[in-house]
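Residue numbering begins at 1 within each chain, and the chains themselves are lettered A, B and C in the order written.
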């Protein structure tokens, strides 16, 4: 689906989600049974997702414009073109900034989860409210914040005028230098609550005796956090980081709703740039090549972090 | 081959209560202070939208942040402009169908992939990982051709089947991790008692995975509610569209600057989501902390 | 404990049944009594125009009881072009689209849109539609591929009441513009409101308005139709530079330039926060006059360019009807298109939707429209030889995306005007081939 938010990222993340036990154990029944259970899902995914992906790879080797009956095979030319394209290179850098916004969410989310851990009075209210942005999904979050950041007549511009805060009054969403940071900040708003919940789940699985022992040994708050909680939470932090990275790489809806990659190309990420190439410029060859690069990066990342985390544990 | 992360196992039953002091990392006032700041950061923008939704465009143009009115006609106007009355039933139908199909298909597949080893299993897992990472917009014309091949363009079935297929990779992995966390001994015991594989699945495993099913239902429901590109692409007529598509009509080439009207439309879509999230937040949270991350 | 789940499941099950039932109903298509369902996609989304159009379509259905029009609306730039192209590529629906002229031409060049020459003869379009109206949708080798409904004039709309207060007249030279902008800023007014919500289309006019002043209408038409000149020519650069100078040196525009919502820019004008709106269109004149009845307005071209030929408006065409070559209902589709260009229907479009269909023999003075609108309509209908052509109509969607994105980058100081014009020229040459 198109609008895949942070929880959408869990979808990605779940691909590499932890397993409780080795797959080999207890797997000794009729092999065909498993195949039968898996078949409906696999068939649907193969027909409606994998086959079109193969089609996209094929398109990346052509110069198709999206509608003409003719398309010419151009080999790897599209890949050479995008690698040499300044806008593509800049999009990679901006995508890294955007992923940075997700990382801020991870850190903030973890910090808030640590504070919520003692379940202070009313903590359920906080947790519920923090999850609202995730429930809205990135497209609607984008619409909400577009009203706020709207140049000249948006809520924040007016607030900036009234309170004499030049940064807000000058409509940073409309400035090529500021726009990507505004988007990253909006993403922090959108995703922090999700990581609060993920981190809380992790904290609840922590072995309490470790902390008690540390407390008995006279470790202060900071030391307990630094030497007990954070090391024990490492697998969770790794998972959150991976979810953040994949979601950041795939990011599209929020950015598209708010700026369509503009002003100019100032907020093009890989996803929006591929979309612009395909649909505004009728250039499916290059768009497909960018999509292929995105899938390759995400795959490589998933496999690498998966490996490393297995080694770590 | 697929990435695996080993997590500390959550113990069965309730974890021993930690002494509250051991896990208190900031003074209470500071915790509350930070919580409240964050609470306001989340709620104030939404409140501002709700407030703006009730104002007249003229008053908004004078001062976007101050002032308050009760102009409920904005909601009626937004409802009509966005054609919500014909789109809401569609969104409900898609959401209902996708939730049921995804939960049914993904739980079967998740179980199959978690508990059995069969030829092609690795290839299937790998395809699912690839399917997870690809953005829909890059493959959508190819998807269109497939849907057309099956004669499903401009049908509800076509839209639902694509939405299901796009949700399945996540849903399958999600349910798989859930089944991995259920001790195998229960299934073995049932088999020894002579239960067939279907009985084991429906009578033993599925009930144990119920929290996961609930969370998956909520997730996929929320996503389908917000679905935008699929119906836009796959329907050639207006009567198959969704509420999210209705929202897009507030951006027009000339005009469409009526901020209160846009806000009213946003509130119309967002309010049910917030209600659902408050009602179902425990499901959502439990499944997320129990299932995917266990 | 699992009640929410059970509820969801029940709702879902009901949904599946309903979906199955409704799918059965909706896929029927043309059934019973030879009644034809004409699928029509359009990109008209503003409320007033939508209402006017719905009434016109109802009238069409009344006159053609055998045809039902099933219309679906799309967002202009964001949705319709790519989706229409995809649909034409792969099948027989929609039968008719109302899309950008450039989209129509792309479709025709790909062999997907119907050649309308035969229909033009049958229906006598050459007599009923103005030559300049037909020219928009005619290829270089004389093939008609569509019919445009919204001829429009673009220029700058001035609030002369505010100008009087500032003690100035409508500026006609670069120097007058500069001193006007200073005067406006001193009085806490925005000199010229502008905005497209980030849409690239606005740049056709930022560039086109000074270029027509530099070259004169005829030479400008030759230029945009690839007959003469290059984007890198010095007179083009001088012309384009006047816009960037007005923005950067004279501080005439809002700092957000094109990223402000277009409607918000219009609001700045009618709310008397800004003195002028650029670019403004004949379609804006009626609504602006209605929203701000207390002020007097004047619709003028961009200021004269150094070494240029004078001051001229640009003429353009909003969108055009294009018929799917694979349509199974071509006859009905052509009837539908023809209906839109009947004189009485055209008058309805002018009065209710603010469109100006290029239909001959319309007495603008007799119509119930604001005087400001009449002023623009008069130039368009009676003096169209004095106007230039909007560039996007004769270029590809790809060129039109480039002109917007890179234009914004020049404004933002990321690339130079020279680089911009060089890139435009490169794409321009590719388009011609």
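Please note the rule applied: a residue touches a chain if its C-beta (ideal position, glycine included) is under 8 Å from a C-beta of that chain, and two chains touch if they have at least 3 such contacts.
Note that this is a predicted model, so its numbers are computed, not measured.
Asks: Pick out whichever of the two, A-B or B-C, is joined by more C-beta pairs in contact.
Replies: Comparing B-C with A-B, the pair joined by more C-beta contacts is A-B.
Asks: Look at all chain centres (mean of CA atoms) and spot the one farthest from the centre of chain B.
Replies: When every chain centre is compared against chain B, the largest gap points to C.
Asks: Taking the mean of the C-alpha atoms as each chain's centre, how many Å separate chain B from chain C?
Replies: 38
Asks: Starting from the mean Cα coordinates of chain A and chain B, work out the distance between those two points in Å.
Replies: The computed centroid separation for chain A versus chain B comes out at 15 Å.
Asks: For chain B, give me the residues that contact two or more of the other chains.
Replies: 61, 141, 145, 257
Asks: Which residues does chain C have that touch at least 2 chains other than itself?
Replies: Correct list: 77-78, 86, 261, 264, 267.
Asks: Residues touching two or more other chains, restricted to chain A: which are they?
Replies: 66, 150, 153, 278
Asks: Tell me, which parts of chain C touch chain A in their complex?
Replies: Those in contact with chain A are residues 77-78, 81-82, 85-86, 88-89, 106-107, 110-112, 195, 198, 200, 254-261, 264, 267-268, 396-398, 401-402, 405-409, 411-412, 414.
Asks: Give every residue of chain B touching chain C within the complex, in rising order.
Replies: 57, 61-62, 81, 92-101, 103, 141, 144-145, 148, 153-157, 160, 210, 213-214, 217-218, 221, 232-233, 235-240, 248-249, 251-258, 279-280, 283
Asks: Would you tell me which residues of chain C are touching chain B in their complex?
Replies: My answer: residues 2, 4-5, 8-9, 11-16, 18-20, 22-23, 26-27, 39, 41, 43, 45-47, 70-79, 83, 86-87, 90-91, 93-94, 197, 199, 201, 261-267, 271, 281, 283-284, 287.
Asks: Hey, which residues of chain A end up touching chain C in the complex?
Replies: For chain A paired with chain C, touching residues are 65-69, 150-153, 170-171, 173-176, 259-266, 276, 278-283.
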